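Chain lettering (A, B, C, D and E) follows the sequence in which the chains are written, and residue indices restart at 1 in each chain.
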Amino acid sequence: MAFFVSSILLILIGLYAVLVKRNIMKIVIGLSLMDTGVNLLIISLGFIRGRTAPIINTRDLLVNTSSKVVDPLPQALVLTAIVIGVAVTAVALSIVMLMYSKKKTLEIDEYKELKW
Amino acid sequence: MVNPILIIGITLGSAFLIGIVQAFRPRWTGWIFYPTLVFDFLASAVNLYGFLSGSIGKPIMVKIGGFPPPVGINLLVGKAEAALGTLIFAVALLGAYHWGRRGFPQPQGKIMVLFLLLALGAAGISFTGDFFNLFVFVEITSIASYGLVASSRREEALEAAFKYMVVGSISSTFILLGVVFLYKATGSLNMLDIGGKIAGGFSSQVLGLISLLILAGLLVELEVFPINGWALDIYQGADPVVVALLAGAAVKAFYLVYLKTASYLALPSFFKLSLIFGGGTYLVSQFFAWRQENARRLLGYSSVGQLGLLILAGGLLLSPSLPASSRAMVLAAVVLLILNHSFSKSSLFLLADNVKGEKLEDWKGVLSSSPVFRFSFTTSVFSVAGLPPFPGFWAKLLLVMAAARFSPWLVALILAGALAEVVYYFRFFYLVSLGDKKAEVGNNLLAPLVASLFLVGAVPLAYKMAADKLSLTLPGGVLVLLGLSLLVYLLGFSRLLQWLASLGLVAYGAYLLLPFLKADLSGFFLGLILAGAAVLLLATYPGAKNLSSSFYPAYLVVVFSMAGLVLSTTWFSLFVFWEIMSWASFLLINMGRGKKAAWIYAVLSAAGAYAMLGGISLLPSPYISSVKSPGPWLALLLSLGFLVKMATVPLHIWARDAYGESPDDFTPLLSGIMSKMGVFGSALVFLYVVINLSSRSSFNYLLGWAGVLTAFFMTLLAVFQEDLKKLLAYSSVAQVGYILLGLALFTPLGWTAALYHTVNHFFFKGLLFVAAAGIVYRVGTSYLPHMGGLIRRMPLTFFASLLAVIALAGVPPLSGFAGKWLLYTALIEKGWIFIAVVAFLASTLAFLYSFKILHAVFLGQLQEENCEVREVPIPVAVVEIILLIPLVVLGAFPRLILDPITRVLGKVTALGIPDLKYTKTLGVVSRLGHWNALFLMVFFAGAFILALIFFALTSARVKLVGQMDVGYSGEVPRSPEDLHFGYGMYDHFRRAVKWLIYPLATRVWRGIYEALGAVAEMGRRIYTGDTNTYAAYVIGISLLILLIFKG
Amino acid sequence: MRKWFALALLIVLGFFLAEIASSFPFGQEKWGVSKHYVDRGIEENRGANLVTSIVVNYRGFDTLGEVTVLFLAATALAFLLSTCRCRRKYRRWDASLILKTASETLYPLLILFGAYIFIHGHLTPGGGFQGGTVIASAVMLMLLSYFSFHPNHRALSTTEGLAGLAFVLIGFAGLVWGGSFLANNILPLGQWNRLFSAGVIPLIYVAVGFKVGAELSGLITDMLKATKEEE
Amino acid sequence: MGKDKKYFLDEKPEKLTYGGVFRRINDWARARSLWVVAYGTGCGSIELRPTFTSRFDAERLGMRMVATPRQADVLIISGYLTVKTLKRVIRVYEQMQSPKYVVALGACPINGGMYYDSYNAINRLDLYLPVDVWITGCMPRPEAILAGFKRLQELIDSGRADGWKKYIDNLDRYRENQKKIIKNWKMPNYNW
Amino acid sequence: MWAKILYAFLTLIGGIAYGLLLGGISRKITARMQNRRGPTVWQNFIDLWKLFRKKTAISHGVMFYLAPMFRLVGGAGTFLLVPVVVGSPYLSNFSFGGDLIVLMYFMVLGCLGMALGAAESGHPHAPIGVTRGLSQMAGYELPFILSVIVLMVADKTATLEGIVRAQQGGILHWHLFTHPFAAAAAFISLLGMMTSYPFQVVLAPQEIAVGPPTEYSSTFLSYMFSGRSVFAVAKYLLFMNLFLGGASNLLWAFVKTFAIFLWPLFITNVFPRLRLEQSVLFFWTWPTFLGLVDLLRIYLVR
């Protein structure tokens, strides 16, 4: 249960940064945090108490596998999610770098030209 | 059949390949890029064709890795997916071509990869049958979009990209969480599998929340209000090509997947969610765009609005209570809307790419820059605003009819949004067509041209779809004629040829429609239209005029759509032709000097037409037949459109400038015939709706007042008008007010008066406007104080105008009197005496402007600059003579028209024939009085000639003197200008009636417009441009969705 | 104000998330479709690592998308930063001797380790992504140590492109010879828990490893280059 | 004056005959219906007001004031004439329709009167316009004016008031005289 | 038929003569009121003859030339459409040609024609006068129409014969007494119609040189003169038929028209002139109100 709570908290903390922080880097960090939280949540959803990792490297795991390993699918999904998170962060950082190079500031208040 | 995986795989492979090639031979990347897109497009198109032709029966299921659905990922490509794929790649191809011609930003291979993968992601979103896979494709699309949006590296683009990224991350987080929770809840990721489980009765207490989480994420991507600030920023800030692709293609994929998800997850509250958010977004966005000064952002608002409409349609589809026939209608509407919006919006954004600035004022004069631009722009604006004959129009028609089964408020919402759309799009159009100077525009116009040609090409398809669903049939002959009219455009190199072709076409039309010329209401109006159009067309002889090449096509479209209008047997058909007529005439008016007038005309026409459509949607049967116990609202809604066209007070504000500043060659048709279509429509409303109204008499009385007040106020305004054509415009509107009054009487005599006046008004007002056209052509101005004394230069035109004015004033020996006599007799018979008083007074006031027309133009002093003016061109003179004859002949023999009218009214069983007798001595005898037209004519002519002869025999020596030989207190006048009394002729009278001519209606309408604009302005402020705020909106709205709809 | 508002929003959101999450009892057994993977994974794929089986085979299409996403990110970043000159004062000299020495030592080892990870992706925890990341970390180490260290950009591009192509081609090979895209029946599946087993899974993971390694290296290089002053 | 050709009729008036079947009755009617153009040139016009209003009531002779020369029969030169006024008087006179009569009031039109040596007073009106009746005095009282009109009526009745005919017959000579005085002839040649 | 035309012609001559005589009488009465002797009552005949026999005339163009004929024919036509003696086969003239509505529009014809001729004269005063006249017409038409409609609705007929017949049977059946408010309105508007003071700004000889006919002379003027005379008689006849119960013989016609003729005459001699907007607004307020009173009465009673 603590896994759920902490991962949801992580998501909320990330979102808090996105909602409140005025520095672009902090917002990006918030997004990353949020991703992490989500990943943790997914992983903890796949967890089954008292089971081992879904790697069948011993013979005894070969039989009656489903009662011995945790759910492998969330883990597979998380793998994808992580990579996507990395990709988004990379693109975000590149955009932030460009933004910084144009205006020499990272204050989000300076980036409000498009409105109404 | 092409395996969809080929599309995805080959595109991916190409993308990787481009990455390699870029490193070595950057120039060669195009050789991979374009063929890939072409392949994708062709492959999707082949699949679509397979589905449409029926050779592919059921959806293509691609099992990746060979695993059956719940286990492996699968692609599921049905008809919708194939169509969407085709659309996406078509738009992508257009965008790619456009961008390629303009030059990709360097390094171009990279941008090609992004572009390709954006299209691929959108296609993947629509193809995939697996939720997690959907998330992956959403991410592909998003990241490609981030890159592409930022690709211009302008500050605005970066800002927009960053906002999109923040919001997009949150939304994809929602989607991801939802998908994973969904897996946890249902144990599956496959859409079909989950859908099957849920349909099979699977339920979980949090399933609703989970689904809403996914839908909220998708709604963010679907740019619903108010979480669409980022989208607007993208539309404004990003490269137009990218925007074209995003708005034209990518978003549509999100829409499809939204629909699929919602239908798989099938919660009863989804349709409400969609209706509320779709409707809200639609209305609010269309409304917020009113005061937008940035062209791209304006287009953005429009896109958002269109998406809202799509979501609303989706809501209808999701609704469990929608009958099957309506479902088919909505489906067709959705298809057409997507098609329409994708192509028109890509076209518009690609056009925007060719215009230097972003502000609306930077667009000034672009229409005159190149015909291709004009064509594409007009086509796109027309179709995006949902005007006939483009798919958007049929979509709206279908949607409204389907929504009517659901709730009238929904219809009202759709129509209100559509109206708001017309308001700002035509404000745009008006600003764009302003300015004489040619604006600098790029010449990268092929892609928008192709997009707009697509739209044109989609017209038959759209028509067919709508016709199938609505069981709508339009008279085939008229459609052929409309098509042929458009072909006249191809003769654009020579106006003379176009003119001849138009004459031929009208003759052919008359031949084709000859069987319909029966003695009934349609036949009556049809005869008026055909004969009138032929005569008036003659007067448009191009000569050395500077006519637009689309003048004649539009003219013919107006003529034939009017023919179709009067031949309609269903309200749909009536509405369709009405709209075609309205918008073709809008184009014609816009060709004149008054662009703003055209805009106001467009807005009011649209308002009227949409009101009419709303009314039609409430009718139980689409056939034009008696409606059982209608409500007064229905009657009012139905007649509103017609009242607008008749410019009834207080809907008259468009008329002055639209008439006065439309091309001189079109105004006769506009006044003489087109305004009569309002009469025809009102007649139908009276005959089939009002007649069964329980409050019929008060309704009629109200309309009677409307008619007579129109006559009164317009006459009064005409008195003080200083522009010939505007004066005639007011006069024309006033006369139509009399006609409305006659109709509203709803007695045989009143209708006789109305129909008589309809014909007669065509004769004299057509003549006057034709003469005005000739005068303006010769003199070069329609400003009255600059004329005067033209009787010396154009005696024939003077004579014609004199008789026309006498007829207009309704003075006895000529034909105009009959209408007045019938009308007053009918009024007094009916006992509408207060109305009769006002009508009488109005017609007295008509003498004032009648004199003004004749004096200020023809009499008084000939001005110096007009000394060399010649008589009007021969075709105009011929038309004047042709129109002159009936004025005199009918003056003596009114029965020539009264008898046919009696026969027509004989067919209208609801009314019966008028109680008129004809005797030799008393002439026409009504219950009240009598009037011997022939005697008056003979007496007047005889007495006049006798007096003339007597005078000539007995008079002193008469010397014809010079024009300035006047008794001038012994002085010698210096110039004709000093002597001519042409300006402010009724200033003394104006002092008496100042309080009556206060422009109340204009002020009120402008006030409403400004107030709404101000509200829109305030409302738009919720898009603060602040990233945090946008993120807060997203979260807040998502929470709201969760809170409200979880149950 | 803004903070409190944000907090309020987040509390409600947290409540909803908690409501959903708490409806799934933590750590309890609840199989869905993955029961198939667990029960028949070995039989169908012979990959000891079930996660890898899922990632590369059952849901291989996701992975292809994932690879694409990474490729996209690298491309977008390279594109955006190709003109960015974020000129900041940057260290023009190399790092300290300790770091340089350690890096030089670790660099080949790390690459080797990365390769090991992705080659054994179907047997042990880890795989293409993890291996690729390790390789990229080696590159990063070098970049930190040596100012003049430049991975060959063309080589990186070619690697990532070819690796991606290889993935797609393997998929198509499955389509041509195995009946469906990414089908794992074109190569002999081999024995369980052997290096040469599990059909195309190791091949794909090798490709992914190369690709991820090259992409992440490129990514870091590009970002670094954009901040460097022009030479 | 080239421009004026367009706007003014440049044609000499035709000579008129005086006679016909109805001559007697015409002259009788003309004499009893004298319409006077309300145009005051000098101080004499102040005497016309009492002449035409209740005190002396010229209307009982059938006379009345009209506002426009087109409808008038009689032009009263009410006092001194200057060169400037003469131009207007000529134009007004020529715009009147025949038969038309000129009545000169006071001494000034006869010989210049008290302004005889003024630089711009016209001393002999009948060199420039055909005067039918002279009413002398400075100024003549309304009684004198009425007497003058009676005389005019007699002249008309007997067909001797033919100044209008003479004027047209001798237009060239009159014009010559007029142009001698009016150096700056900025009028059309014929004032219709 | 031909006899009827002949008789109508004679009536017309009579009407013109009567009109001229009335004009003379009015000049005489005015003079007497101003403590003058005034011209003879035949003065208008003399004037007419003089104008008719003038030797020269000028014309400004075709419309200028035709306008007096318009005026005369318009006046004559109006005169002939009004029955002098209802029921008499000859003295009801051409009243079969049309009813009251026809008549009211026919009245305009002469004015409109003359307005055009005046306007062609090129003199600015002419159109100024015309516009004043038309504006004033817009003023006085409103009360006049009101009262006419009152009569038409009350009598359920639009023919003059019908209206006259409805008033038979004693002096109290006259519309002057049955519809006093409407009659008052109509008689006030008659002042405007006759352009008598205070509504005389149309002609205003002192200001715009008699306005419309300012360029007319000689024979032209004589035609207009006779046209105006007969037009005035036509109006008196119309009012007689509308409000004073028509005439049973010629003598009554003379008496009644003479009575009506006196009404504007007495007003005109004691009033100054109103500005145009003042007269228009006057017509649109008090007489209109009076007319509305009767109209409302009719409307409610019906």
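Criterion: a residue touches a chain if its C-beta (ideal position, glycine included) is under 8 Å from a C-beta of that chain, and two chains touch if they have at least 3 such contacts.
All of these numbers come straight from a predicted model, not from anything done at the bench.
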Neighbouring chains common to chain C and chain D, by label: B
Give me the fewest steps it takes to get from chain A to chain E if each step has to go to a chain it touches. 2
Most remote chain w.r.t. Chain B, using mean C-alpha positions, is D
Identifier of the chain whose CA centre is least distant from the whole-structure CA centre: B
In terms of mean CA position, the chain most removed from chain A is D
Looking only at C-beta pair counts, which chain-chain interface has the most contacts? B-E
Calculate how many whole Å lie between the centre of chain C and the centre of chain E, each centre taken as the average of the chain's C-alpha atoms. 106
At what distance in angstrom does the C-alpha mean of chain C lie from that of chain B? 55
Centroid distance [mean C-alpha coordinates] between chain E and chain B, Å: 53
Using the average of all C-alpha atoms in each chain as its centre, how far is it in Å between chain A and chain C? 15
Name the residues of chain C that each touch 2 or more other chains. 2, 6, 9-10, 13, 17, 21, 24, 30-34, 37, 59, 62, 65-66, 69, 72-73, 76, 80
Chain B residues counted as touching two or more neighbouring chains: 132, 136, 139, 143, 146-147, 150, 153, 177, 181, 183-184, 189, 956-957, 959-961, 963-965, 967, 976, 1028, 1032, 1035
Out of chain E, which residues touch more than one other chain, so two or more? 53-58, 209, 214-215, 218
Which pairs of chains touch, using the document's own definition: A-B, A-C, B-C, B-D, B-E, D-E
Per the contact definition, I'd like the list of chain B residues that touch chain A in the complex. 132, 136, 139, 142-143, 146-147, 150, 153, 155-156, 158-163, 165-166, 169-170, 173, 176-177, 180-181, 183-184, 189, 229, 232-233, 236-237, 1020-1021, 1023-1028, 1031-1032, 1035
Contact footprint of chain B on chain A as seen in their complex: 11, 15, 18-22, 24, 27, 31, 34-35, 38, 41-42, 45, 73-74, 77, 80-81, 84, 87-88, 91-92, 95-96, 98-99, 102-103, 108-109, 111-116
For the complex, give me every residue of chain E touching chain D. 27, 31, 34-40, 43, 46-47, 49-50, 53-58, 205-206, 209-210, 213-218, 221
In the complex, go through chain B and note every residue touching chain C. 3, 5, 9, 12-13, 15-20, 22-24, 62-67, 70-73, 105-107, 110-111, 113-114, 117, 124, 132-133, 136-137, 139-140, 143-144, 146-147, 150-151, 153, 177, 181, 183-190, 193, 204-206, 209-210, 213, 1028, 1032, 1035-1036, 1038-1039, 1042-1043
Which bits of chain C are touching chain A when the two form their complex? 2-3, 6-7, 9-10, 13-14, 17-18, 21-22, 24, 26-35, 37-39, 41-42, 48-51, 53-55, 59, 62-63, 65-66, 69-70, 72-74, 76-77, 80-81, 84-86, 123-125, 127, 129, 192-193, 212, 219, 222-223, 226-227
